[in-house]
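So that you can tell them apart, the chains are marked A, B, C and D in the order they are listed, and the count of residues begins at 1 in each.
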Amino acid sequence: MAPRIATSAADAVAQITDGSTVLIGGFGNAGQPMELIDALMECGATDLTVVNNNAGQADAGLALLIKERRVKKIICSFPRQSDSWHFDEAYRAGEIELELVPQGNLAERIRAAGAGIGGFFTPTGYGTLLAEGKETRVIDGRGYVLESPIHADFALIKALRADSFGNLVYRKTARNFGPIMATAAAQAIVQVDEIVPAGGIDPENVITPGIYVDTVVALGGSN
Amino acid sequence: MAPRIATSAADAVAQITDGSTVLIGGFGNAGQPMELIDALMECGATDLTVVNNNAGQADAGLALLIKERRVKKIICSFPRQSDSWHFDEAYRAGEIELELVPQGNLAERIRAAGAGIGGFFTPTGYGTLLAEGKETRVIDGRGYVLESPIHADFALIKALRADSFGNLVYRKTARNFGPIMATAAAQAIVQVDEIVPAGGIDPENVITPGIYVDTVVALGGSN
Amino acid sequence: MTTYTPEKLTRDEMAQQVAADIPAGAFVNLGIGQPTNVSNFLTADQGVTLHTENGMLGMGPVATGEDIDPDLINAGKIPVTELPGASFFHHADSFAMMRGGHLDVCVLGAFQISEAGDLANWHTGAEGAIPAVGGAMDLAIGAKQTWVMMSLFTKAGESKLVKELSYPVTGLGCVSRIYTEVAVFELRDSKVFVRSTHGVSFEELEARIPVTLERA
Amino acid sequence: MTTYTPEKLTRDEMAQQVAADIPAGAFVNLGIGQPTNVSNFLTADQGVTLHTENGMLGMGPVATGEDIDPDLINAGKIPVTELPGASFFHHADSFAMMRGGHLDVCVLGAFQISEAGDLANWHTGAEGAIPAVGGAMDLAIGAKQTWVMMSLFTKAGESKLVKELSYPVTGLGCVSRIYTEVAVFELRDSKVFVRSTHGVSFEELEARIPVTLERA
């Protein structure tokens, strides 16, 4: 189905309800869907489980969601940064649950959810604290940890351009988690700079096929 | 390392030795590296394990390798076709081993090898003859089979174009197994229509990054 | 309500029924053989997107004449065309799309279906037969809904809808709808509902099929 | 032979040594911090391709002025440039490249390394510390060779090369080479070889390090 074209970021995230699991794209500021995160802040949904590489920076976006205690749990690889003070405070107060995942396992677990894989053996993390309590196995002499897929209700993603069928292209390292997060969420909500007609993206160059995209909002862009 | 630019298909496959495991791309004729397969035929390597979606058709390419009993084992999803008479004869004579794998598991097993995954739980094949003897597990109410990666010594792949760093683009449904096979082989050998200078392929549109490509031969093309 | 028409459905009428049942905007994979014919009855209004497991969404009609391109084929290795908004992807991504439950409907042929929705369509199990599976097992369990098109009876007159499969299974509990020339069935809650009969009455069907049938 | 120079290596000299040791044509990931400095000493002749785990091969130097593009950053979130022949890919593909053993060399910092090549660099394990791992565990075990750059002693004068880790492990048995200001070590066959010493003698080093050292 062609995606819904939302009229605004607020309209795009309107279906996100309390208790949802939300994948949020981006690595640093590159690919971060800032307007969608701000709209999520404004829409009031709380009790969220958020999956992102980090746990918010400074006083914007995800950091504000955490400050307002709207995130009950975060699954991420790198929460501790020089400007992650809102997470730090919530964590030290015991008011946010942290599931720490090596970055590559985080990516592969998201991909597994989208790909219908029930679990996979990864060498990353074997023998470490982050494998404690997890099933392990030595295969051909190498140690592996069994990791499970991360399914989500929603994904918030930033891409460069969509066509009217929801096919997406990204820009440089802003691609990062977007393509896999789109596959792992029941509803993928995407902000783009522009929407072009079907046929406006070469089929050879589509990075995220439209089948994965449910809602698109065009917000213009700085590029 | 920039790939070796071979002077001919024969030169490209010259390192393939007896007993090698060889991934061969293509689905039907689309993406089939016919010149590389012919060169493999001529180079004399025998006792091969071949991974391909099919088991050869008519009197060309892989079918001839099978006819000449150069393939001791084939891993494929669909050996039986109206024109797979050479495979049929070798199989009925007990002169070729067949490992039959559902097509999606075949693809995922090849991807797993390239991605350093030690094994994965797939729902495909659960409860069927093709899961016999394999570990199974019910996860969240759904049955899964544990499948293992398929590593190879060589991959023979057809792409449309390479740059001098080995970055590849494919053409339409000829892409099929090429990108994943390139990642799963110790040596990926690629035939292309043309080789362009570095910078000749937009970094956003690269399908196979050059890191996976070891040997490239330009053979011109019909397109 | 179980509806009735006096004539058996032709193959085209079966394809037409399947096409009419596909929800607007659905992503659909049509298996090789009879299911491929469904595409001829999809309307532009429906906005259905066709997937082919060899790496494409937005597949168009079969290619003819100068449009034939050996690099653009469907899973049956027939040259096809591409529509605006199409996309290409590699085999692992294509089967991830199927296995991950992203296709709405997949339409397949079958040797047998059990009342629990178990499907057999890949292997007769006959002595000396060379097995081949292709994408059958991925298709069977991948889509949100798996529908089957088949003739209801074998040439010997035996029902292909059975209590338990005698052929090797392709996928367990995956079939939710069966289109045949004499009836359309819906499988849910471990029951077999007869949506319509064609050229036979519900009672005649009951007499010839070894599973308990429910009126829809 | 274990070589000797009278002066300790500066940070730039350490980076220079690492750069000189990287094989021509290698695919390399340089970790955040000191390892990033290695790129300043790679020569064009070497033809080394840099990977950044946030989805790029063919990374160029740090971007300045008008070349700064917020969509083109490295794993340290610093704006960088792209070289001809670069490629972009998503996070799962990028970490598959690492985990699958396709990178030749990865250079990392460390808190501690054991004589078996176990690496600790992600977590001090200190009370109240907020753990963060990022790509450290993927990098440690992913590349064909993992090299470490660090000062050999803590501020308190304790050796970071130890018999067994006291810090939480990042990856087991993964480190094959250690570059420090006073010595370069090669770890193989469960032994620690001293390739060179700088400003200290082999014997002085032996006295300060709690593992058995071998002459190279």
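Everything below uses one rule, namely that a contact is a pair of C-beta atoms (placed from the backbone, for glycine too) under 8 Å apart; a residue touches a chain by one contact, two chains touch by 3 or more.
Quick caveat: nothing in here was measured; it's all calculated off a predicted structure.
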| item | value |
| --- | --- |
| Least step count from chain A to chain B, where 1 means the two chains touch | 1 |
| Chains in simultaneous contact with chain A and chain C | B |
| Centre-to-centre distance between chain D and chain A (centres being mean Cα positions), rounded to whole Å | 29 |
| For chain C paired with chain D, centre-to-centre distance based on mean C-alpha positions, whole Å | 55 |
| Inter-centroid spacing, chain D versus chain B (mean Cα positions, whole Å) | 35 |
| Interface hub residues of chain D, defined as touching at least two other chains | 56, 82, 88-89, 96, 98-99, 142 |
| Touching two or more other chains - residues of chain B | 108, 111, 115-117, 122-123, 170-172, 203-204 |
| Chain-to-chain touches, reported pairwise for every pair that qualifies | A-B, A-C, A-D, B-C, B-D |
| Touching residues on chain B, where the partner in the complex is chain D | 1-2, 111, 113-117, 163-165, 167, 183, 197-199, 203-204, 206, 209-212 |
| Residue ranges of chain B touching chain A (in the complex, touch as defined) | 108, 112, 115-123, 137, 139-140, 142, 144, 148, 169-172, 203-205 |
| Chain C contact footprint on chain B (complex, rising order) | 27-31, 53, 77-81, 87-88, 91-92, 98, 100-105, 107-108, 110-111, 122-130, 143, 170-180, 207, 223 |
| Residues of chain C that touch chain B when the two form their complex | 52-56, 69-73, 77, 82, 88-92, 94-96, 98-99, 123, 128, 130-138, 141-142, 168-172 |
| Residues on chain D engaged by chain B in the complex (per definition of touch) | 24-27, 47, 49, 51, 56-58, 82, 84-89, 96-103, 142 |
